[in-house]
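Look for chain A in each of the two complexes below; its partner is chain B in the first and chain C in the second.
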Partner chain A sequence: MGDPRILVVGAGLAGLAAAAELACAGHQVLVVDQARQPGGAVHRQPLPGARSLASPAQARRWRALMADVDAQGARIEIACNTRFGGVDHTGTVLLTGDAAALLQPQALVLAVGAREKVQPRPGWTLPWVTTAGALQVEIKTTSEPPAGRVLLAGSGPLLLALGAELVRLGQPPVAIIEAARPFSHPLQSLALPPPYMVEAARHLARLVRARVPVFTGAALTRISEHEGALLAEIATRKGSLGLAADRICLHDGIRPNDTGLTDSTALPVLRLGDCREALGAAAALADGRAGGAALAARLAGLPAPAASSALAREALAQARLARIYAHDSAAALAALPADTVICRCENRTRADLDALGPSPTTRQLRLDGRFGMGACQGRFCADWVARLARPDAPQPLGIPRWPARPISVAELLAAPDLTSGEFE
Partner chain B sequence: MAKAQDHDVLIAGAGIVGASVAWHLAEAGLKVAVADATGPAAAASGASDGAVSVASKKPGVMARLATGSLLYTRELAARGLLGPAYAARPSYVFGAGEDEMAAIDALIAKLAALAGPVRVCADGGPKLLPGAGAGIERLVVLAGEGHMPGHKAVRAYLAHPRITPLWPARINAFAADDSGVEVDLGGKPLRVGVLVAALGTSTPALFPWLPVLPRAGQLIVTDAGPVGALPGSLTAAAYLLAKTEGPGREALPPVVIDPLGTGQFLIGSSREEHADPTRVDFATLRHLLARAAAAYPALTERRVIRAFAGIRAAVSDGLPIVGPMPGSPRVIVATGFEGDGICLSALIGREVAGMVRGASPGAEWAADIAALAPARFDPARQECVA
Partner chain C sequence: MSGQIFWNGTALPYRPGETVATALTRAGVLRFGVAPGGQARGIFCGIGQCQGCLVQVGARLTEACLLPCRDGLMVSDAGGPQHG
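Then we have the complex of A and B:
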């Protein structure tokens, strides 16, 4: 007999909602997460001693989900500090960390969330330039604002949300640089669901009260180091300006965190929540529930349940948001100077890419250019490399990465092999 | 009257063998085009460890050709062409247990018989190599071999100004006549004087009766560390057994640890009969890495950043197929090198270019090249034999 458990990777909204549905249907579920506590990116829990910054609505949502999980008792086992190494064509999964093992679960649910897009810019690899999401996670875990002046730049609703959070912590950002012009789409905005509008209004009110300059239709074009601080060059609609900061947080939207996620024909593999389609927290919860119920039905040989209407609603709202935040990122990419680092792992620049000649093949990009060949295997650069190499017809940068993440040889060799065990 | 030709020669396949043939012909003044369904070094040449190795070749034809090609590769490197691609380096062969000891003895005897540029400079225990681990019972150090990443050699060869690149474009069909070859290149008709097919695993698409089969080997790439910690490839004698006796004859994992110029390691490889580059499994990775780490413990401090299956073109009788097609002297094949193309490409490129130009092979290589002729699989001839 194979391992009867269902493995869920990711103890965020989607993963735990799926686990609760599957356990409710009688399945034994193992949920693993790389963090030290469940929560995912949205409900990241504070460190011991730090207070939670979650809003009452957020705290209610999390408590309700955890109550559902707890109600399943021993049918759900949660293992934290555990990383998913990938699934192979035999259906074997490698886990490393606290619950290290090679195992062959009955089914695999991948709920590993979204990741941020960060478009390359000159100076984006300097120390103290991070993603906005990284700062958000830092704030959620420590409940402390970062030291020094913070500048937020890029595009997407996260910039306003994070800016408002910094105001609330008594450390307003120097400015917010938004490439789109989200306030010039009043009709689209009014069509957003009320919770979106309430949240946006609350963020904006905080930013206005704290007099945080918000530049829209503006771009951060270069970061340099100057006298121990970071200097950002900003191109606004009215001209250019320079802003000094101690930390710059970049964010150009989110996308599914699906690099290295492969399928296996040996067992059912499902992607749920933001790693299937990045639609945000409410959608992840709905998708997790619906996907968990659908998998339970499939394993029982029952017809698939009806699609979730909550999910469709969120998808529509996200499409509206995308229109509100639409802007021409291709022009910014095309204008990048030759010395801009594109591949952070191996420090490969725009000039290295251009040296490969017009329309390089993906093989040339990888072997001759060494783009996507470093430790991240293209996770951060593949999209930009593809768009820079062939602006008219970007090609995916080669076969999917496998395993799912860099795996220590020592850990790979040490993981207990549970695939040959007998399960009753 | 002869029809107008688009190119003197069309090379089908931009792997290392096709690229070498193209360079040798272009160098001789011919107008050459190279077509590939994907692009340069898109298959085995780009997924190779890059070992220019005589030690791993079967005794006889392959070991003799490898010796000649190693010397010629060095010459092309000294002349500048392969300078950026080729580097001399030591190689290490290790073993444990009776079968591997015997394989190492056979290797030493083979190299002595060849009396070529590759020689055994030490034969002893793990102390011969700093960092060698307890998994090594016996270690021999070889001098004279080298390293040449396939894609770098391909790039060097194809940079010749008289080579016209035609990719991506697939050859759908061809028909040879007395004065040339008509080719359907991605739906576009092309007339060339000679067609050289260096198609690797794609060979059967145009030559269904040639027994070229895909053989996969799982390969592991680690993250980068200090460059040069391991000066050359570290090969288990089981790998030599697998190469000389055929897959499945080795009791221990046939592992090869190859240090790359980036400070990364490429570790291989299994041998499996399929053509899926994504077919990898944790059990095989552990099987290979356990032996690799026992031989070279510093590997346990590295991370695996990627694993994939390299697909090589294997021939049923273990020898490549090189030469004109029976009855069609204007169609020449050069395929089925199963990973040995890195080492053999220089010499094979020169010899095939000679065939195209109608030159008779040098006496030194005539018999060995003749042993690779496709005629050995000619259905007509086999019927006669039967």
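Then we have the complex of A and C:
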């Protein structure tokens, strides 16, 4: 017997909005999240006693969503510290952690958000070189600045936002290195929806007041360790310079966090929010609501509701942002020196990739090159390997295997099997 | 009711609700283990995706960035990701 519940993976904006819609239609919903509290990346909650860094608008949005969830009472159950291990061809889902189980839900909603794109650079594997998102997790939970000097590099609006947050915490970054030239597109910027403009203006004002150097059209080309600190080599439009820092945060945009999210023909599987298309917070909320309502209609045999106009608006805004932040990342990739590590898990370099010869096949890349075969299943190298191997026609680096993440035998044994027998 | 975790046998304080990764970060620990190429590993993505922050808890390797601290938890640095 199948489980009558609908399983939602991810208690961020998209997942909870979908859960609220489904519960409102009378369904029993189990929402799981790997973190210790709902919130997702955008609304990550502070530790007990730490103050929230959320803006008033962000706090309002979260409170409103949680009120919708609470209004559904026992129809929505939220289990934290619980991870999704994948779904197989029989429709069986493996959960590990606090709510460990093997179960066959009526439907599966995947709302696991985005992850960051980080272009490989020599030295990007050194300790204390992290993603910008990793630092954001730290400061959102502790509301404390990190120890030491921080350098932010890469491309995308998150760099300015994180820089401004560091200023607010009394620890301005050493500099922000932005590959694009976002300030040279005033007309595109003016066409952005007002909330984007207000936020950007607030961040910039903070950075300017704290005199944080922002280099645009610039790239961090190498990181090395020097006298107990990190040394960043930076190519600017006016020449090169070196900057010392204790921590370097890299970020080159976001992408759907879709590795290992296989489909199953045994049950309806839906992807909602950033893991379907990375369009940001407002879109994730709209997509979650629309997707939840559409799934409820489908399960009831009703026609699909009309598509959300909010989603289309956000997609347009994100396309504008992408144009504002456009830059030649292909040139930077092509110029990577031979000793650059591409696959972080298995320490495979540009030279290892080139040794496979011109236009290697996916099979060669995986079996001979061992690219995409490490513990992260290519989450941080597959896109770059594909682009380096065939710059004109990148091919996906193959399909990740079940489970979606490394799972110990002990975790597997600890998961009670709820797939057999009558479900109560 | 915060307590302490043990990192390679050394007691470190933590705050209720925080992950092993944040507790180690505050204590200045950057190196969580060794990657196959011999280079040091540590926190990278912060969200359970990169496997850079694997630490050893009992017999198993697990992501420090997702592991909640609890009083008396014994954590040690792990070698490289285990194969086979």
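In this section, the second predicted complex is superposed on the first by the 420 of 424 C-alpha atoms of A that agree within 3 Å, B and C clash if a C-alpha of one lies under 4 Å from a C-alpha of the other, contacts with A are read in each partner's own complex, and residues count from 1 in each chain.
One rule holds in what follows: a contact is a pair of C-beta atoms (placed from the backbone, for glycine too) under 8 Å apart; a residue touches a chain by one contact, two chains touch by 3 or more.
Keep in mind the model is a prediction, meaning the values are calculated, not measured.
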Chain touching more of chain A, residue-wise (chain B, chain C): C
Contacts of A:318 with chain B and chain C, given as first, second, both or neither: neither
Partner chain in contact with A:92 - chain B first, chain C second, else both or neither: first
Touching partner for A:344 - first (chain B), second (chain C), both, neither: second
Partner chain(s) touched by A:104 [first = chain B, second = chain C, both, neither]: neither
Which of chain B and chain C A:262 touches, first, second, both or neither: first
Touched partner set for A:308, first chain B, second chain C, both or neither: neither
First (chain B), second (chain C), both or neither touched by A:363: first
Which superposed partner A:408 touches (first chain B, second chain C, both, neither): both
Chain B versus chain C as contact partner of A:47, first or second or both or neither: second
Chain C-contacting residues of chain A that also contact chain B: 346, 374-375, 406, 408, 410
Residue ranges of chain A in contact with chain C within the complex: 34-37, 41, 47-49, 81, 83, 115-116, 125-131, 133-138, 141-142, 146-147, 257, 259, 341, 344-347, 374-376, 379-380, 405-406, 408, 410-411
In the complex with chain B, residue positions of chain A that touch it: 85-86, 88-90, 92, 94, 102, 262, 346, 361, 363-364, 367-368, 370, 374-375, 377, 399-403, 406-410, 412-413, 419
Complex contacts: residues of chain C adjacent to chain A: 15-19, 22, 25-26, 28, 30-31, 35-52, 54, 59-62, 65-66, 68, 81
Complex interface listing, chain B residues touching chain A: 38-42, 46, 149, 151, 155, 167-168, 222-224, 262, 277-283, 285-286, 289-290, 293, 299-308
